[in-house]
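Lettered A, B, C, D, E, F, G, H, I and J in written order, each chain numbered from 1.
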Amino acid sequence: MTRNEVTELVVTQKLAKQLSWAQLAEAIGLSKEWTTAALLGQMTLNAEQAAAIGALLDLPPDAIAQLQVVPYKGSLPSAVPTDPLIYRFYELVNVYGTTFKALIHEEFGDGIMSAIDFSMDLQREADPKGDRVKIVMSGKFLPYKSY
Amino acid sequence: MTRNEVTELVVTQKLAKQLSWAQLAEAIGLSKEWTTAALLGQMTLNAEQAAAIGALLDLPPDAIAQLQVVPYKGSLPSAVPTDPLIYRFYELVNVYGTTFKALIHEEFGDGIMSAIDFSMDLQREADPKGDRVKIVMSGKFLPYKSY
Amino acid sequence: MTRNEVTELVVTQKLAKQLSWAQLAEAIGLSKEWTTAALLGQMTLNAEQAAAIGALLDLPPDAIAQLQVVPYKGSLPSAVPTDPLIYRFYELVNVYGTTFKALIHEEFGDGIMSAIDFSMDLQREADPKGDRVKIVMSGKFLPYKSY
Amino acid sequence: MTRNEVTELVVTQKLAKQLSWAQLAEAIGLSKEWTTAALLGQMTLNAEQAAAIGALLDLPPDAIAQLQVVPYKGSLPSAVPTDPLIYRFYELVNVYGTTFKALIHEEFGDGIMSAIDFSMDLQREADPKGDRVKIVMSGKFLPYKSY
Amino acid sequence: MTRNEVTELVVTQKLAKQLSWAQLAEAIGLSKEWTTAALLGQMTLNAEQAAAIGALLDLPPDAIAQLQVVPYKGSLPSAVPTDPLIYRFYELVNVYGTTFKALIHEEFGDGIMSAIDFSMDLQREADPKGDRVKIVMSGKFLPYKSY
Amino acid sequence: MTRNEVTELVVTQKLAKQLSWAQLAEAIGLSKEWTTAALLGQMTLNAEQAAAIGALLDLPPDAIAQLQVVPYKGSLPSAVPTDPLIYRFYELVNVYGTTFKALIHEEFGDGIMSAIDFSMDLQREADPKGDRVKIVMSGKFLPYKSY
Amino acid sequence: MTRNEVTELVVTQKLAKQLSWAQLAEAIGLSKEWTTAALLGQMTLNAEQAAAIGALLDLPPDAIAQLQVVPYKGSLPSAVPTDPLIYRFYELVNVYGTTFKALIHEEFGDGIMSAIDFSMDLQREADPKGDRVKIVMSGKFLPYKSY
Amino acid sequence: MTRNEVTELVVTQKLAKQLSWAQLAEAIGLSKEWTTAALLGQMTLNAEQAAAIGALLDLPPDAIAQLQVVPYKGSLPSAVPTDPLIYRFYELVNVYGTTFKALIHEEFGDGIMSAIDFSMDLQREADPKGDRVKIVMSGKFLPYKSY
Amino acid sequence: MTRNEVTELVVTQKLAKQLSWAQLAEAIGLSKEWTTAALLGQMTLNAEQAAAIGALLDLPPDAIAQLQVVPYKGSLPSAVPTDPLIYRFYELVNVYGTTFKALIHEEFGDGIMSAIDFSMDLQREADPKGDRVKIVMSGKFLPYKSY
Amino acid sequence: MTRNEVTELVVTQKLAKQLSWAQLAEAIGLSKEWTTAALLGQMTLNAEQAAAIGALLDLPPDAIAQLQVVPYKGSLPSAVPTDPLIYRFYELVNVYGTTFKALIHEEFGDGIMSAIDFSMDLQREADPKGDRVKIVMSGKFLPYKSY
């Protein structure tokens, strides 16, 4: 059983059991953002977390074992994503990429925002003109140093 | 004078005049995020804003005119960005893309987060273990409707 | 059962049952354009619609469930489509892309035509020199605003 | 002087003279859609049309000659367009491509909608919830015949 | 049964039955060029033609039905073909592409040679220095017109 | 002076002198197909031919010398051509590629049609339903032999 | 049974039977270079050769039939090969490509070295500093001629 | 002066001086294969060799200095070469790549043929049926060893 | 059973048996770096090594045979790796590539560092500010020589 | 003056002044690895370092200013490098990429080796069988944590 097959099984079982991502996250006491990424094959569960998810979703032992292995990451089937929702994020990188770069360097100097020591929070923001998606990202700044 | 040449001139003049992006933004009374994107060739200034920036950066009339034309957007020279800072954002899309999709659909149903009716704010977040980059994004949810 | 398998099954069953896309659309009271897109894996049905389609096409419960899940969109197997009919639309984007851009900006200013708040209608236009395909597209204009 | 240089010159001179695409189209008595495409290097003017445009935009004889030569078409710098406005049209091809195909074949049989014997009209559609872009496309159906 | 599977089955059965493409074409009274393209998944048979081919090749009803559906066209697995025979045709487009363009425009003005209202004939041309492949292509000229 | 610059100069001078490709071909006593390809940078002239063309087009000695050097061939700026006229030929390769392969192998066995020992002739074919482009290609068959 | 499956079966059976490529070549009285290429899906055996190989490798009749069909050639899964041994040959084309071109044109004029009327021989060349791979290629020169 | 400009200058001067690659090679006492590669920007001359070439071709001191710098190698403008002569070598890698691999591993075990400790010789091979290009390559075998 | 299937089986069995890469390496008396690469389908075991691994992981005879065949190398599914850990190594090549080149040429002259006559060692480096990954690479320098 | 032009100027001036990378590094008291990367446009100098380099290489004030600006990183002109020396590093990532991943995860758990908090040292390693290139890389391990 490959990790991709585990991911497909998780999605199918979640549909059959009518569970939400938020409910799955609650079951292991972590954020819905991290939990969803993990169950979609991008993060690694520990034994206890894998067992809890396995119980909720009726996963076979093989799948529960796989959830504890570090996956080969990258959740998209093409370099430029075709799905409209995901493409909008790619477009933000394309349009605002040099802006991110200019402003982070202005504030911090040469370096990057870590995508590893990173967390995020995604919420509905009520708005009379139409509700909004609010995403707060927080990543550690890692400076390049000369040596 | 093409828009790319205007962008290069803006960057060079900003360097010569020792102005920050934040100072340029203040001069036109807008956020540093939008102003930087505009000056890097991704947004469109009105006549007054263009004149103010032109005065600060000693731009020729041609350049001031070009800043008021809607640009051909996309700030990156390759589909997968090579710059490490910008790549980290691409990586977030790659690793978390399906998570964004799953959670937004769970909360809002089928649709997207707009990258047009969108704003963002980038701040330093003090942290004893190393300061962090905090980015708050807000985009209107646009539902797909059947017709 | 993945969504791609559901799409293949829909196409096969529609062939076996000798149903047209227009008939399937009529069964759920929506346009043939939206319905076809939905059944080809690009839009999301609600429970009632999915049940109606499932009954007409003899789909198993798994497939009916999948039709209610937001799909990973993008219906083409390559970035530049090889099918001659679909390529002609890609060619229109290639040849007229900058024209769309110039005229929409001239009329509306900086912004885009939404591909989400969007509908279309495809009709036969009788013509003595050979009938024509007439497509009417309508998408909301979304302005970029400074912030 | 290459055709690309002519296109750049047209854009610059139009900006300097403060002329709209609609005004340029009116000067040669053709639609704004075709005229814009022609001036952006995708269609071919005849001698009279080229002279009229040349006079309005103060173009040198070389440029006026080039406007009468059939150009190497394709107005975009990359296979997948990066500009958000143009990308939305590419996205429509990606999401609705198989729908176009299914419905045109259902109505007409095997064949294509011509992108050559083709015209289009782009208008503002007033709407209390926000004005819309309305595009009407009309292309001759060309059937594949067996031989 | 997908169309690709039908194509594979046709090729296998033709091999098993020791039939030539010319014989299959004769059976439906059409050219070997069109018939081969159709059986390789690029054209659409009518019911009578599909039945005749199905009888000759012992195809199951599913396959016979599929032969009457307009296929998703494009017969090559990569944008630049790797097979040496097919590559030579791609090379002709690459080397002579601008020549085709120059000479057709010189003779006909702006427009294209149709690849839909098109037929071709492929023959052996006896030659003492080595036989030659002779291909005669005939495609309707379709003019771009201003509107 | 690079070969590309020679090609651009040839095109510009031909325009200024109002010469057709057919006239240029006549001046060196060769077909319009080969001559056009040569002048567009794909074939090699001998000294006498280059001098004749140089005289007609007022080319400098450098350009005349370059016309006698074997060029780096390939006349298209992208692997999949964007120009609609040239794309139609690419489409023919894509749709009919496996048909070319099947029929040539059926007639000749394993091998290729040469794109080097090759000639072609392009003519207008009068037709009441609209004139047609007729292209006759003739390439030597080159067999693979075992060794 | 597709040709790829035949190739996989050949490789597996050769492993199980502990036969070398040279032994297989000897069995049909041809060079090891041509035979290996044929068995890896790049050349076409005649009936007698296919039967001999089939007997040695215990291939089913289907596979023996397929070995006599001209294959869709191209043995590599990516345009730039990833396997280090094969990449070195790609690198030679990359580094020495223009050298091959310059020297062949200097010696022969405009034309190519045939990759069809071609043979090669690969041998171990003993060398005290480490044995060497010696490859002798011989391809007919095919001149471009004007017409 | 960049290395590419040096290469262009070498080609232009060689043309003006009517020198062959073989004559240039003779002037520095090395093979025509290595010398041509070096002068086309793929190898590095020592001071004496660069001076000799510089004298023959009337190169400026800058160019002579550049010839002694290790260049960024790779002589082709695209991953899959478009020039027919060079493509034939790419095709050989594509068609015979897995054969090279199979035979070298059979003879030598796991490892590669070096493209660095490598030499080659290109000769005309007289043949009554048409002269042939003969290329002898010799590269050291480098074994992978376990460690 | 293909090599890819062997690799998948190795990974699954290692998980089931709870063995580490280091333990597998120890079992055949080689480094963990080489052994892991071999078991992930990049190197070739001898009979004894394959038998030892087969016993530890309960592999079928087919898999044990395949481990002794030189594999088609290249362990990544895309040219630019999507997995963040592996991407960092690609980024090092991208950022430091020209630095590797400049410094190795400065020290050794024209040539390369071998990736075949190569070994490496990967260790944890304790560090109070956070442990580090230490990789020591050693590759033979192979000089280009003129000939 | 763009950063690329500064890099070209640095390389040209270094050649003219006959300075080594090691000498330039010594002048600013940093490692040759970091200094070379910085001067090739990948790292950022401070004012003092830039002045020192500027004095040694006779750079204009514009260039000295640019050396203090964070550059857009990525030193290679194509995704897969064509230069043989740099390609060998890409090959290591390709062949050993999954090995790096497996061993780092085995030792440290899920996370990456930082390419930012990173240093390296490149040395000649004397060896009787041919000197070797020794590269020691040290990058901080950054763990993914759940949140």
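Please note the rule applied: a residue touches a chain if its C-beta (ideal position, glycine included) is under 8 Å from a C-beta of that chain, and two chains touch if they have at least 3 such contacts.
Chain by chain, the UniProt names read as follows: A, B, C, D, E, F, G, H, I, J = Cyanate hydratase.
Not measured: the values here are computed from a predicted model.
The chains in contact with chain B as well as with chain E are C, D.
One copy, chain D, sits rotated relative to the other, chain J; on C-alpha atoms the angle is 145 degrees to the nearest 5.
Separating the centre of chain C from that of chain G, both taken as means of CA atoms, is a distance of 46 Å. Centre to centre, using the average C-alpha position, chain B and chain I are separated by 41 Å.
One inter-chain figure worth recording: chain B and chain G are separated by 53 Å, centre to centre, where each centre is the mean of the chain's CA atoms.
Averaged C-alpha coordinates give centres for chain D and chain F that are 29 Å from one another. Residues of chain A in contact with at least two other chains: 33, 72-74, 76, 79-84, 91, 94-95, 98, 101, 105, 111-112, 114-116, 142. Applying the touch definition to all chain combinations yields A-B, A-C, A-D, A-I, A-J, B-C, B-D, B-I, B-J, C-D, C-E, C-F, D-E, D-F, E-F, E-G, E-H, F-G, F-H, G-H, G-I, G-J, H-I, H-J, I-J. For chain H in complex with chain E, the touching residues are 80, 82, 84, 87, 91, 94-95. Across the interface of their complex, chain D is touched by residues 30-31, 33-34, 38, 43-44, 49, 70, 72, 98, 101, 105, 109-112, 114, 116-117, 119, 142-147 of chain E. Only residues 20-22, 32-33, 36-37, 40, 42, 73-76, 79-81, 83-86, 88-108, 111-115, 118, 120, 122, 124-125, 127, 129-142 of chain G touch chain H when the two sit together in their complex. Of all residues in chain A, those touching chain C in their complex are 8, 12, 15-16, 77-78, 80-84. Interface residues of chain E facing chain C in the complex, by the touch rule stated above, are 1-2, 62, 65-66, 69, 72-74, 76, 79, 115-116.
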